[in-house]
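Next, two complexes with chain A in common: one pairs it with chain B, the other with chain C.
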Partner chain A sequence: MSIHIKDVSKSFGSFNALSNITIDIPTGELVALLGPSGSGKTSLLRIIAGLEEADSGVILFGGEDMTRIRTTERKVGFVFQHYALFKHMTVFDNIAYGLRVRPKKERPSKKDIQEKVNELLSLVKLEALADRYPSQLSGGQRQRVALARALAVEPKVLLLDEPFGALDAKVRKDLRRWLRRLHDDFHITSIFVTHDQEEALDVADRIVVMNEGRIEQIGSPEEVYDHPNSPFVYDFLGNVNLFHGRLENGKLLNGQVELDAPGIDSAENRPAVAYVRPHDVMIERESTAKDAVQAKIVHIHVVGRTVHIELKTQGLEQFLEAELTKERYGELGLKVGEDVFVRPNQLKVFIPEDYSI
Partner chain B sequence: MAGHVPLSYGSRKTVKKAAEEPLFIRVFLTVVAFIFLFLFLVLPLAAIFIKAFEQGIHVYLAAITEPDALAAIKLTLLVVLLTVPVNALFGIAAAWAITKFDFKGKSLLTTIIDLPFAVSPVIAGLVFVLLFSTHGLFGDLLFANDIKIIFAIPGIVIATLFVTLPFVARELIPLMQSQGSSEEEASLTLGAGGWKTFWLVTLPNIKWGLLYGIILCNARTVGEFGAVSVVSGHIRGLTNTMPLHIEILYNEYQFSAAFAVASLMSILAIVTLIFKNMIEWKANQHG
Partner chain C sequence: MKSRFKKHSILPGFGLSLGFTMLYLSLLVLLPLSMIFVNTASMSWSDFWSTVTEPRVVASYKLSFGAAFVAASINMVFGVLIAWVLVRYSFPGKRLIDGLVDLPFALPTAVAGIALTTLYAKTGWVGQFLSFKVAFTPLGVTVALTFIGLPFVVRMVQPVLQNFDKETEEASAILGANRRQTFIRVIIPEILPAALTGFSLAFARALGEYGSVVFIAGNMPMKTEITPLLIMTKLEQYDYAGATAIAAVMLIISFIMLLFINGMQWWMNRKFAHY
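And now, the complex of A and B:
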């Protein structure tokens, strides 16, 4: 079932949690709402679920207006950040809850409920723990129970609020891969909230980057990562190096360096900032182009297969971060204190908004 | 290996906790606590029972089966039956409203709930006399409709309700605050309405706290003296509760009878304590 969010706004007192949010989500898509805390992503999710009411705007499920429909009638599956399992019920009873509370006419028979719950238990691989209480489960197991409980009512829409936020790194990775596979099997339109860019890039079909109650960018993981449309998105999705300078003849002048500023021609003689990802910073022994900057290696950290190198540019005394593969690092034979040349392979120039009137 | 030093010698010192006090201080403090408990709790309690049975079991039985005593016991039980459920319901409703919703006057409600703790029970009783006696604010209205509140059972119930109002609510508010509303929200998204959510999710989560509050409320209801004394009028066989009955007997120098009824109340208190401890133990197991 498709979800359409039209012009939704919400404020808490004088704080604008959401302003004019519009998102269209086609049936079967897995969308990540990505943003820092306070960006309004959880409020939006709660408004979609009906747990919170929007001040203005409309929520449509498959073309049907849901704005005034109560949570109980919306048929959404909601997975809470801290699981919100019923403490006093076993795993089995937790999963069966949504079926048992249906009005008598719509309630499945005891046998059907039993079958359905067992089916879900095997889906989340918790058959052996059906009689346990939530307090006897690990974080990852609790989250799987929460997911099974949400799926039991066969929701048209699945909403997940920071589903892996409280789990440790290893479990988190396994669970999100598993969620992705689950989504590929069931094709329930799903929205999940996260502040972890890696998680969003890894799992989602599409990412909605939010900041201060507004949408910064909507796009596929590749789009938002490779072509961020704002400094915020650049900064939020991964590490970034900044080159401050002035624009002249389509180039960004930064001390002795000239950087190509693609896509910016109209703005002349303005302060601007170039954004370069660490893995787009090339390190060379010899200066091969005029956009190469001489720099001294300050630190070298080897983290698994990647090597992080901190550099200090000559003249500007600016710190840069570069990421190399171990192979490339070996080829170059870099050592701390050596002078090398760095060159941005790919960059994006933004003119600070304060100056662009 | 030559020169190997067994680690266990050194590690022995670490067994002792840094915060642990020397033995004599621990013994001293424990003994002081026990002496204090004995002098101020066990001894008076024992004295009640000794005094109660001083003139034999016959006097004891006569004292607690005499019509006025029976009337006092019945009245006390009636007050409990009326007060405790009402305050339990009020406590749940108030705690629910305070912890699950945001509304204007929320802090006012929280303050009002605490009021009976702050006000002396005698003053609480006087307030109701001022409101409902024949010369009181609603006196004419009540007289015209032939409704008696002061010096009658309704007055006793109202005064007791007032005094015991905070017990359940005060027990539930911090509990429900710490639990938050996410389980209720989960229940709503799963299609359960407000009523089902309350019965299936909220109530099971608060049941031990609720029971604990009810027991405290019950103990106070049985033992309330000040407020009830002001509104009851001390009419024997009609408006005397157990504490009032004990006081009358005592003032009439019927010590054995007074202590006999007092011993009944003490038994009730001990049973309440045992219940309270069992519930705390249960609650800890589930928490």
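And now, the complex of A and C:
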């Protein structure tokens, strides 16, 4: 079922949690709401679920207005960050809950409930733990129970609030792959909230980047990562190096350094900031181009297959971070304290609006 | 030998604190209680049996345990209700009501007894509007016991409700459960252990209550005499052995009942230990 969010606003007192949010989600899409804490992403999810009411705006599920429909009747699946399982019920009873509370006429027979729950238990690979209580499960298992419980009522929409936030790195990775596969099998329109950019890039079909109650950018993972439309998005989706300077004739100038500023031509002689990802910072032994900057290696640390190098540029006296593959690092034979030349391979220049000192 | 009882712990003072606890409990609880049995032992078996099965005494057991049970049950229901209102809603004067709950603890029980009797007597403020008698009947005893047992359930259930995860309720609603289903299937099981603890405390307190009851009960033999009153009567007649014999029977029954309630709680807690 498609979801349309139109002009939704919400404020708590004088704090604007959400302002004029509009998102259209086609049937079967897996969308990530990505943003720092306080960006309003959880509020938006709770409004979609009906747990909170929007001050203004409309929520449509497949063309049907849901704004005034109560949570109980919205028929959404919701997965909480801290699972919110019923502690006094077994795994089986937890999953069966949504079916058992249905009014008599719609309630499946005991046998059907049993079958349905067993089917879900095998889906989340917890058949052996059906009689356990939540307190006897690990975090990853609890979250899988929570997912199975949400899926039991066959929701048309699945909402997940930081579903893997409380889990450790390995389990988190396994579980999000599993969620992706599950989504590919069932095609339930799903929205999940996360503050982890890697998680969003890894799992989602589309990412909605939010900040301070507004949408910064909507797009596929490639779009938002490769073509961020604002400094915030650039900064939020991964590490970034900043070059401050002035724009002149399509180049960013700062002291001796001259960097090409692609895509910017109209703005003449204005202060601007260039953003470069660490893996787009090239390190060379010799200066091959005019835009190479001399820098001293301050620190090298190897994390698995990638090598992170901290550098201090000479003219600009600022710190840079570069990422190399281990092979490239071996070829160059870099050592701490050496002078090298760095060259931004791909950079994006943003002109700060209303730049004032 | 030592290691059988003492597990290695990084916290110091196990021996000292356990020793102090045992001494303290012995001096204040075990020793006085054992005196009851020592005193009772001065009676012959047949004397003992005839004392504790005397019809007037048996009638008092029935009243004491019956009224205490009913009072504790009433307190369990209304205690949960009061705790619910105090935790879930905010209204002017909430703090005041919260403080009022503890008043039955602070009030000297005789004062409570006199106040209740004045209210519920045939000519009292409340009693005159009732078509049935409250004061000087078993009902009056129950009223007094309900009064003094009120704080227990409220104070036990309150923190549990306060810590109750709002998301659990939301999860229930999203799964399609209405308010009633959520309350019965999710909230009640969650607060039941605490409510039971409150119940057993209120029950135990009501069993031993003397001061407030004697005024409102009227103390008619076979009808409204509570067991503690009979013990007092025996003491006033210098029949110490007789008094302790009745006390011993009461103690044993209470012990068994509390053991049963605690066992039930233990079973419930083990079943769904909190995470």
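Basically, the second predicted complex is superposed on the first by the 355 of 357 C-alpha atoms of A that agree within 3 Å, B and C clash if a C-alpha of one lies under 4 Å from a C-alpha of the other, contacts with A are read in each partner's own complex, and residues count from 1 in each chain.
Please note the rule applied: a residue touches a chain if its C-beta (ideal position, glycine included) is under 8 Å from a C-beta of that chain, and two chains touch if they have at least 3 such contacts.
A quick note: this is a predicted structure, and the numbers were derived from the prediction, not measured.
Once both complexes are superposed on chain A, the partners chain B and chain C clash. In the superposition on chain A, A:76 contacts both chain B and chain C. Of the two partner chains placed around the shared chain by superposition, chain C is the only one that A:134 touches, whereas chain B remains out of contact.
In the superposition on chain A, A:14 makes contact with neither chain B nor chain C.
Shared-chain residue A:269: touches no atom of chain B or chain C. Looking at the shared chain after the overlay, A:109 reaches neither chain B nor chain C. Judged by the touch definition given at the top, the superposed model places A:149 against both chain B and chain C. Shared interface residues of chain A (contacting chain B in one complex, chain C in the other): 49, 51, 71-78, 80, 82, 84-88, 97-98, 101-102, 149-150, 152-153.
Chain contact summary for the complex, chain A toward chain C: residues 49-51, 71-78, 80, 82, 84-89, 97-98, 101-102, 133-135, 149-150, 152-153.
Those residues of chain C that touch chain A in the shared complex are 165, 167-168, 170-178, 181, 185-186, 189-190, 271-275.
Note for the complex: chain A touches chain B at residues 49, 51, 71-78, 80, 82, 84-88, 97-98, 101-102, 146, 149-150, 152-153. Of all the residues in chain B, the ones that touch chain A in their complex are 182-183, 185-193, 196, 200-201, 204-205, 286.
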